[in-house]
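Consider the two complexes below, in which chain A is the common component and chain B and chain C are the respective partners.
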Partner chain A sequence: MSSKINHHHHHHRFNTQIFPPPCPHLAEFRARNGSKPFRALQDCLRVKPPGGRAAIRRDPSEVPRCGACGESARPRLYACLACAAISCHAPPGPSHAAAHATSMPPGHEIAVDVDRAEIFCCACRDQVYDRDFDAAVVLSQTATLKSATIQSAKPENLRKRRRVDYRPWSPDIRDRVLMETGSSPLENGSDLPRGLRGLNNLGNTCFMNSVLQALLHTPPLRNYFLSDRHNRYYCKKKNGVSNSNAGGKRNVGTADGHGNKNARLCLACDMDAMFSAVFSGDRKPYSPAKFLYSWWQHASNLASYEQQDAHEFFISMLDGIHENVEKDRHKPHSQGHGDCCIAHRVFSGILRSDVMCMTCGFTSTTYDPCVDISLDLEPHQGGSSKSVSTKTHHSCNGEVDGMNPGQNCGISTLMGCLDRFTRPERLGADQKFFCQQCQVRQESLKQMSIRKLPLVSCFHIKRFEHSSIRKMSRKVDRYLQFPFSLDMTPYLSSSILRNRFGNRIFPFDGDEPDASNEMSSEFELFAVVTHTGKLDAGHYVTYLRLSNQWYKCDDAWVTQVNENIVRAAQGYMMFYVQKMLYYKASENRAVS
Partner chain B sequence: MSGPNDDNMSPHTQLSSHFFGDLLDSIIVDVASECHRIAKLGLDRNLEEEEEELRLSTQARVRAADPSNSGEANSKYVVDIFGQTHPPVANEIFECMNCGRSIMAGRFAPHLEKCMGKGRKARLKATRSSTAAQNRYSRGSPVSTYSPYSNSSSTNRLSNGTPGVAGEEYSNGTLEEP
Partner chain C sequence: MRNSVNRPPTPDAAEDLGKEPMFQEIINIKLIESGEKERLMELLRERLIECGWKDEMKALCRAFIKKKGRNDVTVDDLVRVITPKGRASIPDYIKAELLQRIRAYLVQAAV
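Entry: the complex of A and B
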């Protein structure tokens, strides 16, 4: 199915959707009748099962027949919106629907497919689309469902901050003088990007180095620290720590010996020191010793000299930054908004989970913040692992024509994993969910989607396989294809919901007029953390993309590599950043 | 038994075929109608881009598997991008921020573990250090807060290795001399 055609049409784009202009007959019909006929149809909309497909029936037991030939078994039967006459349309045979339109006075061209609730223009002989009709269908579908949103973190507050235009800024004379008296420009002797610097392995710490390299080059995080948004000297001073070593030495800590820690633990300060060091222009490998020390104090259960997991470190680290900043300035603690700390501002998104009772259609929705997405690899390679959903016959989700490239070739792909992550999943007999409406445990359908995308998406691949038979675990080395450019639109709540209701034109959860989703669903890959070796004995390496050039960061060794090496590598964590950043009006307090 | 259009099918079979044909036609129209809507509303995924990415990956893997390539991924390093070389064990020396002793970078973690009283061996011997008060959560719970759907058990983890050349494996926990 080619998608070429649409991209050249100049249609009005509404939240990445195209709203096609009506054909002249539909336009005429609308002009003459308004949206009244569509609303009148609502009484005839029959939705079965709850929330499922809508059909048009004047009374529930009606068997529609073509007025011209009496046939009821035709795949396409259309009811004229002007006079309710039903006609069939069965190319290459005669089209009684078209005949009806021509034989009647003008105004009988528009009809509705009685089985699919789709509008058809009998003159153009094509399916057409109308916003008001779609709204009527969705409303009748949702009327058959009751739903509840659990969890107070319903992201209403997201809409309060309107988007503002980017305003470029340059320093004026006074700014320049201030900058020049207080500093000296860094020299960058070579063409090589700033901030590229090896990290010494301190003893089994490549799990930490690999994640740090990715974070040091995470654009919003890098910008935050390099813009002095967390000044380590000021932070320590504010916290009443007297520090005789505050002169930029690496080992900022207490002057005296044995574990008497005056220095208040602050991972953000250590990050700040690391950014300064790594971007200083010094290319000798940096030893993140102070960072390790601080992190081990924060995450004492993980503090040991042994091989560890990079993803676990990543989560722990973000938590560490959050913990410290949270105590300042009465910031909101909830992470979904990302207003609490820079870690969440950058990485936190919101996931939506819908659980629908298969008996009555009652849907329970929850929203949860997340800082990354952990994805399972498909159970066996090349196997089509789509679960058959009886709930929705709209098997879209990008696989409507079976053209998902990954599944054709039998390769696991990141998008394939995301498809699986957002597919409707049947919670079977052993996982029954308590339905509030039925007041009993019922079989349900669960579906995840992304309500709010973070600035930076981190995907973690669960390369772990546990065999209950052999009672052992092993690493899954299977190759996973990941794109350099990623469009997350199909996984948004608005897309998933829209698909669930037959892809109707309707503002679904997440569709906002000031669309912060618009164009900010496109992401670019900038860092890949790879793992080679076995479950308990292996090695982490990070590939960084700077100015469209790829670099390999293997502890102290930084080398340049061809992008093919990266494409062929075994990805464990992939970091994507939004291509376009939009600014929202800040509230009166200083935005962190 | 035979009808006018019989071609070796009984009326029963003909009827079944007829119904099957109707059902099949209906399903085909279902799919066509859905695809039509998706295409017209611009909801289809950009399959061309996805296929291009897939093609590039396949090509890349072929090239990577080709032994005649420089095999950058697994070869030993001579110099890094800045023209520097580095020993297998990092030999920068700095002061431990816990005890003040001078430690070599590549041995800092094992030193710190004992110095802070962390780790299995240290815990078996010594009394608890004051930093134990900071022990905030056990393995698994932070993960469940921030990524509730991921498996946070400690078994779902990949461990890292010791420094050195990529691709080589080291046994659990020990820092081996080259």
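Entry: the complex of A and C
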């Protein structure tokens, strides 16, 4: 398919990616030559594993030189696509490439950077992009770097999830009657919004209270419990109807306290009770004693009155809800897609890990579900070693826009952490990975990316370091800046893969179906769990964002605070929810 | 100075070329032919990414594009804008490592 000559200056969208229209010289060139010169270039494409950098060389050992000045050490050398003459281009010095274009008859304006395999218009003096050229380059890069997907929890994503448009609903007469007879109006005029209620500290339980406050206001979770999707009175698991217990004891109806422990334990029921209590309108602080007791039974190794780690509690709690779910044979047990329980439905995403052999380029890919992302907070964040931070401080202050995420020199930011999380990491000599192609352990390059975003993203900042070698633990107090709105697009597998091959118009890889579009990558912050104090003598506090107001939840005390207090706080766990929630088409025929 | 670094040697200025450009040429060719230049480039790329230099340059480019407008920027503009800051902000330890590598190469190549 030949590209259309485009005289408009709007950008095309191709597979949700913008690509710039060709300049008039490129358009003319295409019209005159079609894609023939690009195909000829393919023979000259040399791709070097690892990393797959593409270069243009007539023969592999060619040392390109500028035809005008004989220099081979110039940073940019361009080969004319019409006559293969090589010229240098090194402003502010004379550009022999531009000179070539003007001195030759028309048709010699388009050239290719011999070291980067990117095309350049010598007349416009700017880089230009061509879909067919980039396709040829990417083709040779992917042919050189063969890849495989290892069968480790490969997502069964092939049944495409149809999205349904939102249809607004308002109650009709019958609905109204039903609502009015079955309910009583809640009191108005209280200054705090609904659902804000303090949680009493039961003895160093701020680690639990802080996470509970965040979960109580996690929109999908809150909606689930408040719309009675898990009813504690009818819960089969708790009432012991399930006969999957090893002991075989059946407790039907009310448990007498000495019944089978498994039959009575259901963290989801305790959550349900808590939601009801917290959203009831009663403002007296609530004591989550029942919940604590249930959780102790689930995570008996953590059952004590000692201070625990809030993140550990979070994971343990989600696990508890998952374990106690009704094991319905009809439900697929896929954690990554959240079909198993509400905890995974809300928090579970899928991470993709690519490990590339540095010797042969062979890449192995694995997928793993995750309920949160733990990020390192290293001391030298904001990029560089000491010499760089001082030197570039002025330029950064002047040039870098305040809205620029993650790049303010010297300040750690959440997006900086995510950049480092998805950056290729060298697995050096002591961490060699077995390469299937080389059949031997080789040094490799590992890169993480997000295959599927969860509904709610929880970012956990690794502030507590436990070194078993030195038998000591310490806390990293370094401040981390986090945004109130977050776009996760650059960390998705599709973006990471695209960038791996450089600045190309990238034809969509068939392995990565469009798991997201622009809208579902935007997230809004709604809860921040903070930690103050020392490692062993500290305190957790949660900040909640309701109707764009911030509230501080410090155990039993809930107060409204200014957003700047939140920005300045020491974030330990940050909770972001997808801005736009989509409705999945119902698989149940009976439901309209 | 006869051989100003900003002025590329012109084709008919053979008499201007002193010993140094010839020597540089030879070294360059040797580096390329043995594949050492490619290895040094890879090492440099890795180091510059690790220390965050690449991210900083990216940020500078983004800021510049934001100011000027996406359709008014050429790749030459970007190179012009970031080159002085880029050169100045390379950490010393990276320069030292590369020089050491080149020195080691020259020693074993001279033999």
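Observations, loosely collected:
In this section, the second predicted complex is superposed on the first by the 393 of 592 C-alpha atoms of A that agree within 3 Å, B and C clash if a C-alpha of one lies under 4 Å from a C-alpha of the other, contacts with A are read in each partner's own complex, and residues count from 1 in each chain.
FYI, a contact is a pair of C-beta atoms (placed from the backbone, for glycine too) under 8 Å apart; a residue touches a chain by one contact, two chains touch by 3 or more.
Remember, predicted model here, so these are calculated numbers, not experimental data.
In the overlay built on the shared chain, the residue A:Ala68 is in contact with chain C alone; chain B does not reach it. Of the two partner chains, neither chain B nor chain C is touched by A:Gln436. In the superposition on chain A, A:Gln127 makes contact with both chain B and chain C.
More residues of chain A are in touch with B than with the other of chain B and chain C.
When both complexes are overlaid on chain A, the residue A:Asn200 reaches chain B alone and has no touch with chain C.
Once the two complexes are laid over each other on the shared chain, residue contacts for A:Trp296 go to chain B alone; chain C is not touched. Touch criterion not met for A:Gln42: it reaches neither chain B nor chain C.
Looking at the shared chain after the overlay, A:Ser304 reaches chain B, while chain C stays out of its contact range. Across the superposed pair, chain B and chain C both touch chain A at residues 73, 127, 396, 400-401, 406, 409. For chain C in complex with chain A, the residues that touch the partner chain are 6-11, 24-25, 28-29, 32-33, 38, 42, 46, 49, 51-53, 55-56, 58-60, 62-64, 66, 71, 74-76, 79-80, 85, 88-89, 91-93. Touching chain C in their complex are the following residues of chain A: 9, 48, 51, 61, 63, 68-73, 88, 90-94, 120, 124-127, 382-385, 387-388, 391-392, 395-396, 399-401, 404, 406-407, 409, 419, 423-424, 426. Residues of chain B touching chain A in their complex: 22, 25-26, 28-31, 33-51, 53-54, 56-61, 63-65, 72-73, 77, 80-82, 84, 86, 90, 92, 94-100, 105-110, 112-113, 116, 118-120, 129-132, 134-139, 142-143, 145-151, 155-164, 166-173, 175.
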